[in-house]
Amino acid sequence: MTFRRTVLKGFMAGALAVTLGCAAQAQEVVKVGLILPMTGPFASTGRQIEAAVKLFLAQSGATHGGKRLEVILKDDTGNADATRRIAQELVVNDKVAVLAGFGLTPLAMATAPIATQAKIPQIVMAAATASITEASPFIVRTSFTLPQASEPMADWAWSNGIKRVFTVVTDYGPGIDAETSFANKFKAAGGTVESVRVPLRNPDFAPFLQRVSEAKPDALFVFVPSGIGAQFMKQFVERGLDKAGVKLIGPGDVVDDDILNGMGDVAIGAITTHHYSAKHDSAANQAFVKAFEAANPGVRPNFMAVGGYDGMRLIAEALKATNGDASGEKLIAAMKGASWESPRGPITIDPATRDIIQNIYVRRTEKVGSDLFNIEFATIPQVKDPVKARK
Amino acid sequence: MLTILFDGIAYGMVLFVLACGLSVTMGLMNFVNLAHGAFAMLGGYVTVLLMQRLGLPFLASLPAAFLAAALAGIVLERLVYRPMYAKSHLDQVMFSIGLVFMAVAGTDWLLGSSQQIIQLPRWLQGRFYVLGVGIGYYRLFVIGICGLLAVALQWGFAKTRFGSRLRAAVDDARVARGLGIPVNRLFALTFALGSGLAGLGGALGIELMGLDPTFPLKFMIYFLIVVTVGGTSTITGPFLAAMLLGVADVMGKYLVPQAGAFIIYALMVILLLLRPEGLFARART
Amino acid sequence: MSGTVLEQHVRQSLRRARRWHPAELAFWLLAAASFALFPTRFLILNEIAILALFALSLDLILGYAGIVSLGHAAFLGMGAYSAGLLAKYVTADPLAGLAFGMATSALLGLLTSPLVLRGTDLTRLMITLGVALILYEVANSLAWLTGGADGLQGITMAPIFGTFDFDIFGRTAYLYSLLVLFILFLIARRIVNSPFGLSLRGIRDNQLRAAASGVPVPWRLAAIYALSAAYAGAAGALLAQTTQFVSLDVFDFHRSADLMLVLIIGGAGYLYGGLIGAIAFKFLQDAIATFTPQYWMFWIGLFLVLFVLGGRELIHGAIKALVARFPERGASS
């Protein structure tokens, strides 16, 4: 009897220890569901962000606020239904504490109701349409908004003697955002704007550029998704628009660091406004670029990477601030107003809108040695998203 | 205005070279090869790799693009396509979509997902003006090459022994076989030629259409439109169809940019409605 | 005299076909049991049920009337946007949305049927594809209504019958989709085993002969095409309601291509093909995507190629063997 009882006791104690152990372990891990387009036309966005997230964890360690961050990577192929289902599964089955990633606007929008319903922070690391952060009180953005990057361009262009601008943008959310915010600001300053929109699946820019060349504007404002920027630039030069004295201006997507080097000399002289350049002159950025390139040979970090890097840092900082409390409301509260020196310069999460406040730089594409870079020559400090700021 | 016409013709020319191989194999073997774009992509990537990694000049890499795609065509025809000829159209469609998926993911794995960019030689950059019409050197070059190809193909198809055998086989493979024409070998050769042309088109098109792993999916629809509208029994049919689509697409986007994306699809549906049977009567099983 | 004998014979064979095979009962019992068996997988089960309904819709025209289509997503998208817009602007009642989605899609099917019902397989493939692409562009350019590329936001659904609320675990969603699938399946089963269904098969096998024996071919085809469109619209409506979101993706080419794949896996022309194919396809996709998120497309492609090259006989053989294990109930009568 006693023997049996002892065994039983021992067994129960063991079982108890195992249960407790499990519980303790479960408490220590905070899961982050990272949903990115890893295949399909927007795969480069996913790869950049994934690399940056890994880099941050490698540099700063996985433990923050006493909890270990564990990242679960899922591919949504850039398809909004998939993003939503994956997010839902991550919340329900994997019990993630934070959702992150979101390469495109519709992907972020589709997931917003899940974040609201589950009260889980949704960190938008790439998508750039202004309205995203209004879709849920649990959305925080660490990338940028297109109006934020486009409006400073209107000021710069006007004060540098540009009076007539032709805009060419891709016909979808971000493109329309860039076009309207630039055009409104530029017209308000007194300039004239003509606009044309290019379908998303468009093989050849010739007809649109021909219109531009006939309109003979002072500058061509362009926004196209970063992948096809190179093609655009080449046809711009092929059509002799650069020689005709048309300046190429726009938000920095068209001279994306990821592919800039392959564009060749056609890109030289483009003036863009953006929040990040791999050549940003700061110690933090040099260290970031060096580490990124060491971990991913042959790939230069672009603005997507920096969005992913800061997004991961935001999660870590928030967890530290709450002392490891991973409940959604606490994390969001901690994220509001968070501020630090990012590779792109000083950034703050706007407590009112949960959108990012950051410097916007005016850059010119130049050749440094044998490589092309966007060299920053003017800074507009601490720009808020102008769309929400006006409300 | 004339500049736009010129741009449209250049664009149509590239479409023709990309799609004419598809039209011949479709007519000849009654085979719906949606993977045709994969051969074009192969040609494009061969060009990119030769130029970037080995520093070969652009002109030298064009024949290489043709050869590589043609070789891949021969091998694949022998290994996997041949058992497909007897199957239903639906099976062929599924099979070739499978090939496209593999090509897309495989290229992505090998070479990354980003857009590939090449540097044209200096003499092909820029443009000149004739009577106020701006003409890009590269587009002129493309029109020249593709025009020559079209003439050569038409001549080969109409005048040579290979061409007459081919036409006989397209008309009625069984009778042609009975007359001692080696139809299978003819198939293989034509397939290789068509794939090679696609490869060349892919290489020429990098500058105009871009190149990334999703190329075969993105342009599949354009090829199919050219073939369906142009018919499969001649060279001139697809040629005219490609010209029409190229010019209509470019002109339409220039004149009414708001409707840009619709034009090409609407055109296809209208053309097919006007002549549904005549264009594809032969392909009926 | 022989006419009435023949009629007797046909009626009998139709009645026999309508009788339930034990394997069918087992299939639906399993579907119902899945609700209890996989309590953490409702989301993917819901997607399977919707895909199965979508595949069922293609099976109606492909398997029974021989109409090939590469643009069936047109009807899925039509149903999804109709249901989504109705929920957003008029009423959030799910059943009203379902009916509306089916109605608009059926109308679209009826309107486009004259385009599709002429020409050869290839022109059909191209025209269906073209119609879907045009609708994609229409939805994209009507951004004020559809949200354009950002997708249709802000759909909230009322509880079904005012009591069953859509929950985050997808329990209600799955039950709802499964029930709709089952009911529509019953209707489809009854239709294909009616004289109307029989005449369709006659058209499929030989259009000329069917026309010669007095079957009004164009009308029959238009009717089944519209019915199939309505089914696809129902799938679209379910998709919009259970995810409470619609994006342009519903019109995308890959939807139609995936659908073909589903039907090819399961086999066309016996109604269960789409259902079995949907299960196989989703689990395959989910498994491969978990195992290699970057390159799942490659494996799907390889699977397709091998499948067409010879694997199909294996799988379909296995399904037949499984069905044969069930004793035919009252086979003699």
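Think of it as A, B and C in the order they're written, each chain with its own count starting at 1.
The criterion applied here is as follows: a residue touches a chain if its C-beta (ideal position, glycine included) is under 8 Å from a C-beta of that chain, and two chains touch if they have at least 3 such contacts.
As the structure is a computational prediction, the values presented were derived from the model and not from experiment.
Path length between subunit A and subunit B in the touching-chain graph (shortest route): 1. For the pairs B-C and A-C, the count of C-beta pairs in contact is higher at B-C.
Separating the CA-averaged centres of subunit A and subunit C is a span of 38 Å.
With centres defined as mean CA coordinates, subunit C is found 34 Å away from subunit B.
Within subunit C, the positions touching two or more other chains are listed as 137, 140-141, 294-297.
Each of the following residues of subunit B touches two or more other chains: 105, 108, 258, 261. In subunit A, the residues touching two or more other chains are 39, 43, 171, 199-200. Those residues of subunit B that touch subunit C in the complex are listed here as 32, 80, 83-84, 87, 89-91, 93-95, 97-106, 108-109, 217, 221, 224-225, 228, 258, 261-262, 265-266, 268-269, 272-273, 276-277, 279-281, 283-285.
On the subunit B side of its complex with subunit A, the touching residues are 3-4, 7-8, 11, 105, 108, 112-117, 119, 125-127, 134, 136, 138, 207-210, 212, 214, 218-219, 222, 249-254, 257-258, 260-261. On subunit A, the positions that touch subunit C within their shared complex are 38-39, 43, 73-75, 79-81, 84-85, 88-89, 91-93, 105-106, 109-110, 112-114, 117-118, 129, 135, 171-173, 176, 199-200. Taken together, the subunit A residues at the contact with subunit B in this complex read 39-41, 43-44, 47, 171, 196-204, 206-208, 210-211, 213, 227-228, 230-231, 234, 237-240, 258-259, 262-264. Of all residues in subunit C, only 62, 68, 70, 115, 118-123, 125-127, 129-131, 133-134, 137-138, 140-141, 253, 257, 260-261, 264, 294-305, 307-309 touch subunit B in the complex they form.
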